[in-house]
Structure formats: C-alpha cells, structure tokens
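What follows is a group of structures, each given as structure tokens.
Heads up, the next two complexes both have subunit A, just with different partners, subunit B and then subunit C.
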Partner chain A sequence: MIRRSRLAGLLHLWPIVALVLLWDVWVLANGYTSIVAPRPWSVINDVVGNPDAYAIDFLWTLAISVGGLLLGMLLGTIAAVLISLWAPMSAVLTPAALIVRSVPVTVMIPIIARVFGYEVYTVLVVTVITSFFPAFVLGLSGMASAPASSRDLFVVFGSSRPASLWRLRLPYAVPNLLLALRITAPLAVLSAMLAEFLIGQQGLGYLFIVARSYMEIDRAWGTALVATMLSVFAFLAARFVERRISPRFT
Partner chain B sequence: MTESATDTIQSGGSAATAAGSTAAVRPAPAEAIALRNVTMSFDLGRSKRMTALEDFNLSVAEGEFVALLGPSGCGKSTVLRLVTGLEQATSGEVLVEDKAPADLAKSHRLGVAFQEHALLPWSSVRENIALPFRLARRAVDWQRVDELIRLVGLVGFEKARPRQLSGGMKQRVAIARALVLSPDVLLLDEPFGALDAVTRRRMNGELARIWEEQHITTLLVTHDVEEAVLLADRVVVLTGRPGRVRHVQTVDMPRPRHADITRSAEFRAVVDHLTDLLDVDRKAE
Partner chain C sequence: MRLRSPRWLNNTIGVLILITVAELIGRTGIAGRSWPPLTDVVGYLAEPVAQATVLRALTATAASAGWGLVLGIVFAAIAALLANFIPVLRPGLDRLASVLNAVPLIALAPLLITTVGRESTPAVVAALGVGFVMFVAFTAGLAGASATHQDVFSVFGSARSTTLLRLQIPVSLPTVFDGLALAAPTAILGATIGEWFGAPRGLGVLIVSAMQNYQVLLLWAAALTAALLSLAAYLIAVRLQSGAVRRFT
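Coming up: the complex of A and B.
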C-alpha cells in the first residue's frame, strides 16, 4: 500500500522530468553555447554543488514572500471585515483595491520604489500589494455567503455585531480565504522575485542580476531553477493547508 | 367569504385579549404578543407589491400556546418574522411584551426555530445547541445542553456535525437550540416538517411536556391540523393571500394531552372542523 502510494507520488513528478529533458534537447538541437543556454546538468550541478551561494538569498526571498503573503492577506481580510461591518466603507476601499489590481505589478514596482525608496522593505510592500486583492475579494464574498437564515438566527438570539462576525461570517469566509492563499502563494514568490530583480539588494531576483552581470550563466539559471522550486513549494504548501482546514468549515 | 377577523378573535376564548379592546378592567392575563390591524406587503420591484397579510389581528396571552394553521404561502412565516422584529409591518402595530419586538431578541429572551434549520456547519450538535449561550455572553450550561440533547433524542450524536445528520435530526437540533435559554417567548415555524410521522408524534409529545413544565408563550406555525390541536390552547386558521384570520378555535381539552386523546371523538371533531376550514380555502384557490 505504502509503496504503491510512494510510486504514485513519484509519478506526479513527471512534468519536472519532462521539462528537464526537453530543456536539454532544446539546447542540443539548437547547438546553443553555454553562454546562451546552459544544459540542465551543469545548472543542477551548480545548485547542488554550491548550496551556500544560494542559501542566504533563498531564505531571504522565502521570508519576504511568506511575510508579504501573510501581511497582504491579513490586510485584505481586514479591509473585507471593515466593509462587512460598515457598508459605506466599500465606497472608500473598493475603488482603491480595483486600481491597485488593474495596474500590472511590473508597472507598479518603479512607482512604488520612487515612493518608498530603493529599499529592502519596498520589496515587501510589492508582495503585500500582490497578496491583498485575492484575500479582499474572496474574503468579502465568503462572508456574504453566510445564509440569510443563519444571519436572521443570530439577530433573533441577540448577537452583537462582533459576535456575528466572529462566529458566523468569518468562519463562512475561511474556505474562500484558503483558496486565496493557494492562488496567492506562487504569486507572492513571483512578485518578490520581480521586485528584487528591479530594485532589490538581496534575494534570488538580485542574485540573478549579479550572476548575469558576471556572466555566471549556470548561477543565473540556477537562480531561476531555485525560484521555480520555491514557487511550486509555496503552492503545494498552501494546497496542503487548504485541504486540511477547508473541510472543517463546510 | 371574509368573516370579520375581530369577531372571530373575540369569540376565540378565555385567554384571548380581543384586538383593540380597552385596557383590562379586571386583571386579565398579560398580553405577550399583539398584532393589531397589521398589513404586510412586499415590494416586488417595478412598482408591483404583494400583500402577504391584510388587517391581521392576533393576540397571545402570557403562557399561552397558539398554533397558526393555513395553506402554504398564506403568510404564516411572515407573522412569525414580524414577531421576531426581523420584518417591519407596512402598517399596524406589533408588540411583544408591550415593547418593540426586537427588544426581546436583544435581551436574549426569544427562542426561535425557523423552517430552515440554520445550523453552523463547522459546529457539533452540542456546540450548535450551546450557541445561544455564547451569543448572550453567558457561560454555557452544559448540563442544560445535554438535557435537551436527551429530550430531542440525539444522545450519541453530540459530536456529530450537521452534514452527518438527517433533515429531521437537524430540525431537532434547531428546536433544542431554541429552548436552551428557557426563553420567555418561543416561535416555531413548521419545526417538525422534515420528520417522519412517528418521530413527529414523539416530538409533539416532548414539546407538550416541556411546555407544560414551563408554560412558555408559544406561537407555532404548522400545516398539520392534528399537531395544532394536540399542542395548542388556541388554533388560528388563516385565509390564503392575503392572509387574514379566518377562524379562531379554542381547544380546552385537559392537559397533559397524551397521544390517545387523538382518537377521542372530541379531538376528531375539532380536527375535522379545522380541516374543512382549510379545505374551503383550497377550493377557493
């Protein structure tokens, strides 16, 4: 039983294997030199052989992504709660949220950098902004999904507004917020990387620029590889959390 | 076709305070629920309105059990919602304990089981029944909770979640939840609708027993004539669309009323009479 499930687990990795093989075939078929595109083996070798070179920047990007993700989702949830407690708040928050949403992150980053300075925490700000919107929108619709009969019941039992929020609307929003987490987790990694690439002085995005400018091609590609793994890991971790917790609320 | 609602109410019996009657000269039983000349119409958009209740009068004395009987869609649930304060009458007056209905809810003295069970899907049976304690910011009396679980026959299901329960079991949880704070006023909207006949009779018996112990002012909506006659001091029959009081039937059979009373001639006569009244309405439709 166990062996079979392990085997099934390994089978799930086929896209990665296929990707690596395709990558190699692509490099060979086009006859690229290692300056244009290195072969996967030398990139993997660089990552496995020099973990120290990646470790600090990896941990940095991980910390910024997770921190920005949680902070952004928290702020998004708080904004949704404010609106659900006091409807006029919607007129203030919704347009702002929509503007933030409709401007692409790539455009936003230089502007944010101008405002906040080319600092480390500007990267965090970018990640927070990316993580805000899904939690805001999905949190709002989750709270609105509490059935009318339950809301009536709370009124009839003399519930206070905070109690209705805490005991009814927020629990109804939990599955939606976990969905937001799953959607946002890889995005948070992506926007942290992008911001580091454009304005950072730390992290995988920054490591990529440095490696490229020194023509360390294996290192530059290795950074992309590590970032991809981080992103996939973020998604899998979020999905794990969602699958564990969501059923308890439905 | 429309008899005067006020007349029927006055003929309706002892505990009833006639709608619009002057203040009691003798100390009559206090009036717990009063609807006076209530009209309720809903805005359906495009300047269309739907009148659910028209010139509706009802008075429930303190400690009285009144059943509302009528075809579906005649406004029974609307009456209940008006008494909870969830809905405001278009015109007329609704009073509970001489105050605005919402006051009772705010002071956590109202017990309600709506047609929809409205259980919290993430909470166990036990937690769902304890909810009113939490909303009233009172320490949960677990002994009381467990006593009610016994009463509604859900022992062994304390830890079950709503989705693991049948429709009838969910309704029983909702009834236990309505009773848990020993409310002053109890409103039940077809609470036994999803139960099979046998469980329904058993629950009727349990409700009668609880009621005889505490004499909670109760307004029960049902379309089961036998249930109404078995449980109520008075049965109010409504006409359909718009809802008015067609007839008020006082039931003065002695309590406790056991199941065997349903076979007595007196009981059958009342049931047949009320069934005929409901039938008139169906034919008219």
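Coming up: the complex of A and C.
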C-alpha cells in the first residue's frame, strides 16, 4: 500500500524532479560559472541555510498578497451586490469584464504607482485592485445566473429584497467567487511582487532587486524559488477551498 | 414586463460610463496630477513625435508577443500530444502544468536574462505564459470526445492517429480557442514583464521609464496603447472561438 502511494507520488512529481535535474545538467553542460547561473543545490542551500534572510520579506509579501486578495475580493463582491441592486449600472459589466480579461497588470501597476505615490501601501493597493475585478465580474455574473423560476418564487412569496439577495443571489454567486479566488490567488502574488520590484521597499520583489544589484546570484535565484513556492501554495490552497466549499452550493 | 435594451446599446452605454468617469476624474483632478483627462492623452497621441515613439514601442511589443504566442502554442501542442500518446506521462504533465501555471513570471527573470539575453527575454516570457495556458486547453480538448464516439472509433479498429485526426482534434477546437482567448492577453502580459528586465525597446520599457520620469501623458498614452493591443488580441481570439463553436459542435 505504502509502495503503491509512493509510486503514485512519483507519477505526479516526476516533472519537478526532472526540472531540478535538467537545471543542474544544463548549468554543468554549458560550463556556467556561479555568477551566470548557480547550481540548484547551492540555491537550495542558500534558502535552507539562511532562513532569516528570507523570512521577513517572505512574510511581508505573504501578508500583502493575502490581505490585498481578501480586501479586493470583498470590495469586488460588495460592488457587484450594489450594481445588481441598481439595474442601469449593469451596463458597465461587459466593458469591465473586458478590462479584466485583457488589460495586463504590468500596464496597471505603473499608473497605480504614479497615482498613489511610491509608498508602502501602494503595493497593497495594487493587489487590492487586481483582486477586485475578477470577484466583481464573476460575482455579478453568478448572481445573474439565479434561474428566473426561483426569482419568481421569491417574488410570489413576497420576499424582501435583502432576503432574496441573501438567500438566493449570493448563494448562486458563491461558486463563481471561489473560482475568482482560485484565479486571483497566484495573480495577487505576482502583482505584489511586480509592484515590489518596481516601487517596493520590502518584500520578495525588493529582495530580488537588492540581491541582483549586489550580484548575490544564489540569493536572487533563491528569491525566485521562494516566490514560486509561495505562489504555487497560494494556488493549491485556493483550489482546496474551492473543492471543499463549491459542491455545497451547486 | 420590462423592455430590454439591445445588448450592443447596453455595452456602448457601459463603455461611455467608464470613459466619462475616467475623464471626470482627470478633469476635476481628485486623483492628483498623475491622472490626466483622457482627452488630453488622446490629444498627446495625435502629436507626431509622441506617435512615433509609441508606435515604435508598439511594434516591438507586438512582435515579441506574437512570437511568444506562436512558440508557446507549438510547445504546448507537442507536450499535449506526448501526453495523449504516452498515458503514463499524463498525471505528471498535468501536475506540472497546474504548478507552472502558478509560477509568477517575474521569478523566471534571472533564468532568462542569463540564458536568452535581454533582447529575446520578452518573447520567451510570453511563450512560457502562453504555453502553460495552451497546454491545459489542448489536454482538456483532446480528452473531450464523448465515450460513445471513442467506442465507435475503437470498435471499427481505427488507428490511434486516425482517431486523433478525425475525432479528437475536431472535438478539441472550441476548447483550444477558449484557451487562445486567455493566452492572447497573457502573451502581452509576458512580453511587457520581459521588457521590464532591460529590453532595449517596447511598451513595457516605455511605461516604466515614463513612470520614473514623471511623463504622465506618455505613461497614459503607452498604457492605453498596450491595453488596446491586448483587447484587440482578446477580441480576435473570441471571434475565432465562436466560429469554431459554430463549425465543430
């Protein structure tokens, strides 16, 4: 039984092992010095050996991403509820959805940085704004997906507006909001890091710039490694939440 | 019974509302001097010098994004076909795709600057972003044929390649084009991120340098251009997708 699960684990994890090995072979085969590209072991050593060098910036970026993600999704949901209560405003849904789908965060971040200034909280504003749009768009379309027959039923039984919002529309929006969470979680980490890279004074994106300018190659690659793990775990956590909760609402 | 306005009218009103809000924020100056009225930005873009600068950057970014899109699609197709013909690779490749999809593209920067150089980094970052999205679309599409159809093909002894060509690929096209609608803006995101790491030209470079030098109108003009490029790429992909749905479902 144990052997079998190990085998299954191998079936799932071989690409990650292969990637690390490929990385090592690639460095050796090209004869890169450690300034050009470090070997995986020395990067892993740097991360494992100096946890305190990464800890503060890691926790900082984690806090900014999670805080911005939750705040942005909350504001997006509130905006969706308000707009769903006031029919004429629903016209902005399609153009807003187009903005979410198409405008890259790299275009938004410099403008947000300029408008809000080079402050620490600007990084938070960036993550809030990137997390706002998916929750807004998906939440609104979720609320609109409540079937007409159910809506009629609520009307016939004289349900008040807040009651039908709470008991009919919001439950219909939950799976969509969880989908927004899964989409946004890695995106929030990416935009936090991009903002730190551009304007930050702390966090993984900033640590990356500092390491790069002091030619601490192991540290720079280590930052990339830690950031990747943070983003992947954010994605896996969001997917776990979605798989747990979503079936109860569909 | 309430009269419903037609969809295009609704959308036009929505766009007008958003543009008006942006214009008013600029006119009143409540967001400070860094948020100009949109009319000023458009006026700035009409000047020949500014237009030339933005156009040069636009061609560079569009070329990187285009190359990235093509490369990403080709590699994703190869990987998806491998996963299709060698099933034992499948769970690993799926896991790899979902993990790689979550990798922040900025983390790949040190790797790419040392390997492919500053010139080609934008196209390669774009290709990676596109590749992850398209791999998921290809594998989901190829697996999308109904069990009944699969059975018919195997009962009549069709070769694996015939099944692929006559059943799986036609069935997969709507999903693949769905992926393309996600991948097209991703290509531009990847290209601009790649440009941040020291590419010689491109909209990403222009946006960052305009931000640092407080050239507010240039910043907005370049950002609007990048947004419109991305929007156009997205709308073309959506159009292709609805065509594929009509033809193949």
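Assume the second predicted complex is superposed on the first by the 226 of 250 C-alpha atoms of A that agree within 3 Å, B and C clash if a C-alpha of one lies under 4 Å from a C-alpha of the other, contacts with A are read in each partner's own complex, and residues count from 1 in each chain.
One rule holds for everything that comes next: a residue touches a chain if its C-beta (ideal position, glycine included) is under 8 Å from a C-beta of that chain, and two chains touch if they have at least 3 such contacts.
What you see is a predicted model; the values in this text were computed from it and never measured.
**Student:** In the superposed arrangement, does A:115 touch subunit B (first), subunit C (second), both or neither?
**Tutor:** second
**Student:** For A:213, using the defined touch cut-off, is the partner it touches subunit B, subunit C, both, or neither? Pick first, second, both or neither.
**Tutor:** A:213: touches no partner chain.
**Student:** Considering only the touch criterion stated at the top, classify A:33 as touching first (subunit B), second (subunit C), both, or neither.
**Tutor:** neither
**Student:** Between subunit B and subunit C, which one contacts more residues of subunit A in the superposed model?
**Tutor:** C
**Student:** Which partner does A:234 contact after superposing on A: first (subunit B), second (subunit C), both, neither?
**Tutor:** The answer is second: A:234 touches subunit C but not subunit B.
**Student:** If you stack the two complexes on chain A, which partner ends up touching A:13: first (subunit B), second (subunit C), both, or neither?
**Tutor:** A:13: touches subunit C, not subunit B.
**Student:** Once chain A of both complexes is superposed, is A:152 in touch with subunit B (first), subunit C (second), both, or neither?
**Tutor:** first
**Student:** Which holds for A:250: it touches subunit B only (first), subunit C only (second), both, or neither?
**Tutor:** After superposition on chain A, A:250 lies in contact with subunit B alone.
**Student:** Per the definitions at the top, what is the overlap between the subunit A residues touching subunit B and those touching subunit C?
**Tutor:** Looking at subunit A, the two contact sets are disjoint.
**Student:** Taking the complex as given, what residues does subunit C use to touch subunit A?
**Tutor:** The touching residues are 10-11, 13-15, 17-18, 31-32, 34-35, 88, 91-93, 95-96, 98-99, 101-111, 114-115, 181-182, 185, 188-189, 192-193, 196, 203-204, 207-208, 210-211, 214, 216, 219-220, 223, 226-227, 230-231, 233-234.
**Student:** Tell me, which parts of subunit B touch subunit A in their complex?
**Tutor:** Where subunit B meets subunit A, its residues are 81, 84-86, 105-108, 110, 112, 114, 116, 118, 120-122, 131-132, 134-137.
**Student:** Mind listing the subunit A positions that touch subunit C in their complex?
**Tutor:** 8, 11-16, 32, 36-37, 89-96, 98-99, 101-108, 110-111, 113-115, 185-186, 189-190, 193-194, 197-198, 205, 208, 212, 217, 220-221, 223-225, 227-228, 231-232, 234-236
**Student:** Could you pull out which subunit A residues touch subunit B in their complex?
**Tutor:** By the definition above, subunit A touches subunit B via 147, 149-150, 152-160, 163, 167-168, 171, 248-250.
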